[in-house]
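Sharing a structure, written as structure tokens. Questions coming.
Letters are used for the chains, namely A, B, C and D, taken in the order the chains are written, and counting of residues starts over at 1 for each.
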Amino acid sequence: MSGNTFGTVFKITTWGESHGPAVGVVVDGCPPRLPLDAAMIQAMLDRRRPGGSSASTGRKEPDQALILSGVFDGLTTGTPIMIMIHNRDADPGAYEHLADVYRPGHGDITYMDKYGIRDWRGGGRASARETAGRVAAGAVARALLQREHIGVWAYTIALGGVMAHERNLGVMDNNPYYCPDEQAAAAMEKRVEAVKKQGDSVGGIVEILARGVPKGLGEPVFDKLDADLAKALMSIGAIKGVEIGSGFQAPAMLGSRNNDPITPQGFLSNHAGGILAGISNGDDIVMRAAIKPIPSIRIEQHTIDTAGRPRTLSIKGRHDIAAIPRINVVCEAMVNLVLADHLLRQRAIQ
Amino acid sequence: MSGNTFGTVFKITTWGESHGPAVGVVVDGCPPRLPLDAAMIQAMLDRRRPGGSSASTGRKEPDQALILSGVFDGLTTGTPIMIMIHNRDADPGAYEHLADVYRPGHGDITYMDKYGIRDWRGGGRASARETAGRVAAGAVARALLQREHIGVWAYTIALGGVMAHERNLGVMDNNPYYCPDEQAAAAMEKRVEAVKKQGDSVGGIVEILARGVPKGLGEPVFDKLDADLAKALMSIGAIKGVEIGSGFQAPAMLGSRNNDPITPQGFLSNHAGGILAGISNGDDIVMRAAIKPIPSIRIEQHTIDTAGRPRTLSIKGRHDIAAIPRINVVCEAMVNLVLADHLLRQRAIQ
Amino acid sequence: MSGNTFGTVFKITTWGESHGPAVGVVVDGCPPRLPLDAAMIQAMLDRRRPGGSSASTGRKEPDQALILSGVFDGLTTGTPIMIMIHNRDADPGAYEHLADVYRPGHGDITYMDKYGIRDWRGGGRASARETAGRVAAGAVARALLQREHIGVWAYTIALGGVMAHERNLGVMDNNPYYCPDEQAAAAMEKRVEAVKKQGDSVGGIVEILARGVPKGLGEPVFDKLDADLAKALMSIGAIKGVEIGSGFQAPAMLGSRNNDPITPQGFLSNHAGGILAGISNGDDIVMRAAIKPIPSIRIEQHTIDTAGRPRTLSIKGRHDIAAIPRINVVCEAMVNLVLADHLLRQRAIQ
Amino acid sequence: MSGNTFGTVFKITTWGESHGPAVGVVVDGCPPRLPLDAAMIQAMLDRRRPGGSSASTGRKEPDQALILSGVFDGLTTGTPIMIMIHNRDADPGAYEHLADVYRPGHGDITYMDKYGIRDWRGGGRASARETAGRVAAGAVARALLQREHIGVWAYTIALGGVMAHERNLGVMDNNPYYCPDEQAAAAMEKRVEAVKKQGDSVGGIVEILARGVPKGLGEPVFDKLDADLAKALMSIGAIKGVEIGSGFQAPAMLGSRNNDPITPQGFLSNHAGGILAGISNGDDIVMRAAIKPIPSIRIEQHTIDTAGRPRTLSIKGRHDIAAIPRINVVCEAMVNLVLADHLLRQRAIQ
């Protein structure tokens, strides 16, 4: 009910604040006897860590994953898997000047509206640091999906107004933005550097591809696979829009064009994005998420303090210029979680 | 788990197939002593009925709402409200020629993949007729929200490639497409007529506005208000994309532009779309949904039969040219349901 | 949340009031391609109908089950199964004298405390008539379990102070109380007749046996199989206690006696009642439920009216003398529902 | 789904194994601004620790509660409260001789049946140590209930066949068994000492009293307050039966005796146990739970090893002679959790 749990069979609950002692996640419903170790989780967390690109904060977090339960002799036991990550570089003092002011574009003001109290240290629960738990859980889901030969990739197709024109997945790991277009990646880097100097920030678009998803996943009518994926992605703080297949291009297409013809060899096109009537059709699942620019900027902004008086604010602490590329692994994790959940849900009715 | 239930406190379960004896919904969790009668539900169902525009099917359904439980002396009792709508104009025979073929763009093939059986009569459970239950439940949610002075509108801002340039809500009820731009509405009508002659279909964009939503609704971190709204809308069959506030424009904006400055009088802009960090901020909630063209078209399409052999198919039965305008009230219903649910969820923690 | 839904994978939602137009149930999560027809449901409903014994009301309800969705060509389709039962013999007028008074032992006063409104016609939602929906849903669960060779029986081992000393299941259908001891059954009948003349009512104990349950069902730690069974039974209005295996005898036993020794051929005793640490062990599951006497009695009782003033009340309408034997099929249905649910839950993690 | 989560609004998820690094709980849905500190949790955990009575193990666990999230400046923030307790005295080596044998009366064999793998170190997840998380969460619920002037007590009314005849709650803290009858307490101590010498174990009965519960809590029809309480108690490993009010005495009572007469001053008796039709009536809630004897005994027992071969087993490690008195605080915690949950559930519909 309080919204910190996600999934039905493969279910996760995240906990923790940005500058508390730790953040973490409980994964419940993972099948037993799945090989799992801390290194598999660490590999994903490392992709979420800052430091890889010009766009990312200087916060230094080793982000070491500790598995505290649910694994025995290298195998899952079917009981809850608790994964904890200590907040080593927490520095609450650095945020004291933000204790009585609401940062524009952040949840500071709405958390106060909702709860009448807020942990102002680095955004508290609303911090992107919460996503470390999601990524850790996503790594468990990924282990389950890989056993079924399902793969998920989240790559950048737009950043700061620079669009990728290619989908060459082979090169996405060669640049810090997970961009499948090398020329675009170089232009993105320049754009980020320029905006950084202005003290501003940029947004972008992440495309997520899931390949090998078996036919038949997704539950009519409310828990359609695309509905659950949309929720999963929109639950990531910076995401303002989600589309699947032809998405926002579909409204201007004719039915004769948007329909994917069916042949004995499969679909001739994939405007559906791999999901028909909420159920996977065996084709690639292709989604895109619109990422807003990071709200923390050095440029002075108008806001109010907790007493309602006008203030101006320039945010000088360590923060990213773009949610990309760190958000990519979060998108991937959320998609992994939805697919793992629906894979198990489908088993239940067979 | 099987996905026919939506909501947590204000919870609905829809049931029924397109050409079975009836469709309906059970609304559970509605507070007691709310005035409710069949006419309030009927008013919403009437907006969903075909016949109002050139875009809609000729199927004649009186769609009469029967309240079978949960209301006593004109007031809700706090117990489940069951609303049933008979399928008067069901004509399963008209679909017999579709019993052994999969219609492109429909769930025929994926329902078979999932369940190994399908009710081929008019799409069975995957039919848009299922949304009658949602609209009936949405009318109950609407009654609850109106008591709190919350209003929701769903209007058409694009149809068949024609865009609305105005947001004059005062005129939306004067044209069959709920378009807030009269000139655009006229152009939409022409476009629909032209496409109808070609035997093709069109898509569009619906914008949904919620006004008067109190601050503080939405549950961090997974059940963010926008995440739940995104799921609610994406669970409607024809919707391929959802965005909030600046949505897919946000990726190309700078942070200094996308952030909404805060003043003692409120926010100076609404790029957030009324939701910050998943929690309503008191501003208008503004979302848009991308509607794909209706997949049932007269133009001949390639497909396969249930034995996997190639077939061509031209769909000549009664069907809409566009999901708009009938889908608008469904969008409105889904948003009403999410808001009613979060309104009650927020009470639980106070 | 509002408590009218039961189960997780195999999930039911009941609706309806005693003297409204109908009662019913939506069964969601039933696997597809299960043979199901109205007769299978009717057979169970017929066992719940009044008229079979001296203990039962004279209310005449044909209780005809109508399947309105989820079944196609005699097979379940995987979509929600809605079963409706009209209230043919509803006679709200007969209850008007109860509109302003609270019947002792009934929910009249607590429904008013909770909701500030109540449907006083025959107990409204709190009426045992609600269990018709449970029995209908239980029949669907039963069909699923029978395919797995799981059987459930609910028989009477005490009524009005008369105890059964035998467990001869072969004779339970030969007497109106489903008593597995013919001598006791005869004594029960005499006891009921005598109490009836006094205008009073009696309670009893129902024992429920589930045979053929596979090993491994039940979810640690909160959704233990016995915990879910206990809830299922305690959710039946008249039940005041539930025990499994040695139950309330266990507290006075020594560990060396209560433990069931394990041998290569199986357990040497069954004090556990077929469930160890919340998980089925393959042995018979044996539970007992304590049924309170029917609260509606002709004997005059002290109570208050809705204005809080003292009143005396003698209930002369049609009502049962004992919940047994009609409650037996309800107990059986609830156990069937829990087992079906856990059977499917276990599949999800494999 | 996997059963490690309990509650709907006030929701907890426990994690951890007996001899892993730690056990813990995530409490989600606790209202914000509730004063909470580690000492309030510690006080409850201390009552669960071994060492207080002859009946308890010699395992030395400081059981120090660490609050890792959800509390800021001594107040809850409305976000998940994670409480962790390190397993300081874990000694997995002591259990190696149990790695290939199933202890009678324990979940060893059923965990293997269910998962095909088990953590054999001290019972793993099935260990009573899991209840430390419940007690910690129960302390949070208790803080919430105390603000509403609701109190819960769990006292011993039978142990090893010795019955308490008084309910003098004033003396229950003066003896190690929380027995409200001082003479009985002395006899219980003697009985435990005697059984201990024999290498055997005993069971007992705990009565739980909740006072001050407001009228109107509990959700018809499945989530009746007594149904949820029954599940809560039956989910505790050692409990084999649960009853409320007149419980297993009700079956032999007449309706005229079991009904509680209503007067303007309240109910004249409390056979209902404070709950009518699943809804609290404002009276004391009184339940009793049957506790089986501890299955770990020194006396030699018949069992099998993991290869299915016959074995005999005498358990010599540290273990309790009775679950009482350590289980009392667990019962109290579970009742606190159910009441806190239903208190918040009721707010949601008002």
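Here is the rule we go by: contacts are C-beta pairs under 8 Å (C-beta built on N, C-alpha and C of every residue); 3 or more make two chains touch, one makes a residue touch a chain.
Values in this document were obtained by computation on a predicted structure and should not be read as measured data.
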Study note, to complete from the structure: When C-D and B-C are ranked by contacting C-beta pairs, first place goes to C-D
Review point. What is the chain whose Cα centre is as far as it gets from that of subunit B?
Key: D
Revision key, fill the gap. The distance between the C-alpha centres of subunit B and subunit D, rounded to whole Å, is 46
Exercise for review: Averaged over CA atoms, how far is the centre of subunit C from the centre of subunit D? Could you give it in whole Å?
Suggested key: 27
Practice item. Express in whole angstrom the distance between the two chain centres, defined as the mean CA positions of subunit B and subunit C. Key: 39
**Study point:** Residues of subunit C touching at least two other chains
**Key:** 1-2, 4-5, 8-9, 14, 29, 32, 78-79, 114-115, 125, 220, 345, 348-349
Check your understanding: Given the complex with subunit D, which residues does subunit C contribute to the contact?
Key -> 1-6, 8-9, 14, 102, 104-107, 109-111, 113-115, 125-126, 130, 158-161, 195, 200-205, 215-224, 226-235, 237, 240-264, 268, 271-273, 275-282, 290-297, 299, 301-304, 308-310, 345-346, 348-349
**Study point:** Touching residues (chain side subunit B, partner subunit C) in the complex
**Key:** 1-2, 4-5, 8-9, 11, 13-17, 20-24, 26, 28-29, 32-33, 66, 68-70, 72, 75, 77-82, 84, 114-119, 124-125
Practice item. Going by the contact rule at the top, pick out the subunit A residues touching subunit C in the complex. Key: 1, 9, 29-32, 78-79, 220, 344-345, 347-350
